[in-house]
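The same chain A turns up in both complexes below, where it pairs with chain B and then with chain C.
Moving on, here comes the complex of A and B:
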């Protein structure tokens, strides 16, 4: 039973990780806490659902489409709204992203109503067993893809010129101008990247959860905890913190009872932060704008 | 900031008083035209988060009003009255409901009150109507604790939440081989908690071994911990008490983690049609509970059968009725019978008539206890068979099929 609990926790943690990376990047690069992040997750889920129900496209194959669509959405919103709104005061981004969240969710409700839908590919519900531990196929796939997307994102940020420009803008948006980097454009790309990852997470979540306008809300707590725990702006931190958060939840549920799973997870989170305020992989200067 | 707020309030209250004046005029005109009208006030949720349920409730009241007037009205003593339900929108808020109930009683001079949707709002309504000693029938307020407060004018014709759990356990007595062990899980919230307690008590009273009772937090993103604990307890039957999203997740994760108990029950979730489509094959064999179904075989005054009700309702509103609308229509029938029995519009007399009432409506038998709860209120157990829910228990209340036990493991 303990192995099963650990496996449950890790598999869930992968999804938590991928759902939080975009949130973390946006926060780390721009200092914007994007309250519309969960709405992007919802949009990703509805893209997976629409393509699956209309064209029968497997939800795994719709991931690239979700990523592209959400990148455009995130890029556009950043250029047209957030860049302008945050000119005067960064705190305005709270109000603006909260508003964007409301608008997106209500558009989803207008288009799809509040009914529940499901994305059920042939392999949904299937599972295999290793040494008495049951492993659902869907969750393994989700876990593996989350890991790959996280890795891709890590490589993008650390091994490419664009990634370096993003990191540099995060460090000092005034100095990068002298090096030919346009911080507004970098912000838009980072926002697009964040939204794209949220879209991928939503697409994956659609295979596991019933699709409703509130599917993204499941991840708001996780996004905050995982981002801060992993260190704001740190991709590898997000993945590891996501796994840790899933694991802590599963273990505390099994030790202290299911009703305490979130309370005990948050307690441990606070404890870790007391010992290491910058998060597990955070560098002090990230996210300080 | 403060200034704007005050201005805003001033404007709103002026708007309200304008509306009030209009309504008062309208009311006067109403009384002037037909002297012999019994007015019933209903503050229901037409906007806000309970709007859908509120509208279903209003339609049920409206159905009763029109049906009774079409049948000639209500005879009290030697006089025949028309009935008129006066509606306000409580905006899904208890405070608003309290204000509107006060207005209905003191300004609109209604004779009786019909309740709102949900026990939370009904508590506000009943607190006011109790103060004015006005009989209130609240078909969709069924929390047990609402009826433990000693209200003397509040009644509900639906079964209380705690009672609706009973048939879900009792049906287990009818199968063979009889299940030995039961596990109960529910969301940690007001209604699910009442339901979990009621399930547990009934199961123990009936001699089932309750091997696991668990609660999971509201909005939990993952329930594999619950499933793992359930699996370790290895019960014959799992009863769940939650709302739509969490119940779907729980049932899916049970399947994913290869936990297939012989029977899985859920509270009221299966009444939401899309739950069955979302679960697909995994919905097969699930059992749940409901108050009313068009195939029920009870009969009574005004509406002679549930099938007739469904048909007439569909003709009137263009869609099928559900148990919310049916309970509202039945509330009207119960009130009408009590007024007739009392032979008077006096609230004391009608209250006593309700307490002594024993009758059957299309919605089921009615007899109130001292709390105002309907002790005979039926609830039916349904099971999903070939994708459609059919009634499997109790026998005699409706057209029934036999329960499938153990359920075939969903594949």
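Moving on, here comes the complex of A and C:
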């Protein structure tokens, strides 16, 4: 029983991790707390649903499409709106991204209503058993893909020139200009990357959860807690913190009941902020823009 | 006796309040409801202005005090207390909450504080939903109905909102001249600098948040009595705090008249424009939020002030 809970928690934790990486990168690189992040997740889920229901495309194959579409959306929003709004005051990003969230979610409602849909590929009911622990195949696939995407993102940031430019801009946006880096373009790319990861997470979430305009809201607590726990802007931190968060959620649900999940999430969040604001893997002051 | 600017300002406030008090005799039900909403949002914005505009702490989850005030009043009234006995609770409970939470939370800076208040707001909504018992849980609480005829009751609620708003504006104005306001402005500009100058920044911040919470909670309390039924999703709706934030931006952060002007403009605009498009209400609100932040980050009051100031002679 307890093993089953732990396995369930860890499998979901992978998804929590991938759903938070984009949020964490955007915060770490430009100091923007993107409240529209969960709306990006919702859009990813609807892309998976639309392609599945109209063209019968398997939700696993639609991931690249979600990634590309959301990259464009994130890049565009950053260039057209957020880069301009944060010129005067970085904290305006809260209000602006809340507004963007309202716009995106309500466009989704206009297009798809508030009904619940499901994405059920043929393998969705399959599961296997190891030592009495039942493991659904879909969740293993989702976990593995989330892990691969996280790894890809880590390599992109740490092993490529573009990644180095992004990290350098996060550290000092004025100095990078002298090295031929345009910070606004880097911001747009980072925002696109963040949105793309959210889109992938939404696409994966559509396979597990019912698709509705509120599917992204499941991840708002996770995004906050995982980002801060993992250390702002740290990809590897996000993945480990995501697993930890999934574990804590699963355990608290089995001990105190499912209803207390959110409360425990926010309590953990406030405690981390107070006790160890740099998170498990972050460096102090890294996210304080 | 010399008539100073102070006297003129006070006189202006009294005249404006009296004029606003006379409005219900001219307005029908729809417009009275709108006027009450404007006054309510102006109070919430005033409260937000104290902690954001003066102290520079961006409390995005101030709705938590609105909900706290609404619930304090509703629970007391359902326990058999009269409205006038319960209303002080809508002021005291949020104030106490802000005092208790402010001590740990106000140590956080910038983004961290902002995001912690968001989490606080969401956690409280969840807490009240799950608590059940006297909070009514997810089912909400119905308040005892007033014996007065609806028309008279609505008028009284409007008068109460206007009176509280007038007090809030007076408090903001007083704050801007008092040592506390000066201390808050100093710590907004440079907190460690203010500390070096001998300002007790911790107490100043907590006091500011308590004043902010008291204003917001009172609005929530009167609101609960007005709509007679509250539930966690309406009393702790994060949109209340965000709308107030937008109103503060429109009016001008840290100004005295800003909150009233912002609330007036946004609500009137809302009533005139998007009442026509009910489905698109939230979509248009989102667009307006983005447009305001892009076009008017400084607000109207500073804009007007700059326009009115006589042009400096060229040197």
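One rule holds in what follows: the second predicted complex is superposed on the first by the 266 of 289 C-alpha atoms of A that agree within 3 Å, B and C clash if a C-alpha of one lies under 4 Å from a C-alpha of the other, contacts with A are read in each partner's own complex, and residues count from 1 in each chain.
Operating definition for what follows: a residue touches a chain if its C-beta (ideal position, glycine included) is under 8 Å from a C-beta of that chain, and two chains touch if they have at least 3 such contacts.
As the structure is a computational prediction, the values presented were derived from the model and not from experiment.
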Look at A:139 in the shared chain and tell me whether it touches chain B only, chain C only, both, or neither; answer first, second, both or neither.
first
Figure out whether A:224 sits in contact with chain B (first) or chain C (second), or with both, or with neither.
second
Could you look at A:79 and tell me whether it touches chain B, chain C, both or neither (first, second, both, neither)?
neither
Name the contact category of A:116: first (chain B only), second (chain C only), both, or neither.
first
Classify the contacts of A:267 with the two partner chains as first (chain B alone), second (chain C alone), both, or neither.
second
Kindly classify A:259 by the partners it touches after superposition: chain B alone (first), chain C alone (second), both, or neither?
both
For A:8, using the defined touch cut-off, is the partner it touches chain B, chain C, both, or neither? Pick first, second, both or neither.
first
Mind sorting out which residues of chain A both chain B and chain C touch, each in its own complex?
221, 259, 262
Of all residues in chain A, which touch chain C in the complex?
27, 31, 33, 81, 84-85, 88-92, 94-96, 98-103, 105-107, 110, 220-221, 224, 259-260, 262-263, 266-267, 269-270, 273-274, 277, 287-289
Listed in rising order, chain C residues that touch chain A in their complex are 58, 60, 104-105, 107-112, 114-116, 118-120, 122-123, 126-127, 129-130, 242, 245-246, 249, 279-280, 282-283, 285-290, 293-294, 297-298
Mind listing the chain A positions that touch chain B in their complex?
1, 4-5, 8, 12, 16, 115-118, 120, 125, 127, 129, 134, 136, 138-139, 208-210, 212, 214, 217-219, 221-222, 246, 249-250, 253-254, 257-259, 261-262
Applying the document's contact rule, which stretches of chain B touch chain A when the two form their complex?
185, 188, 214-217, 219-226, 228-229, 232, 244-245, 248-249, 252, 255-258, 274-275, 277-280, 282, 410
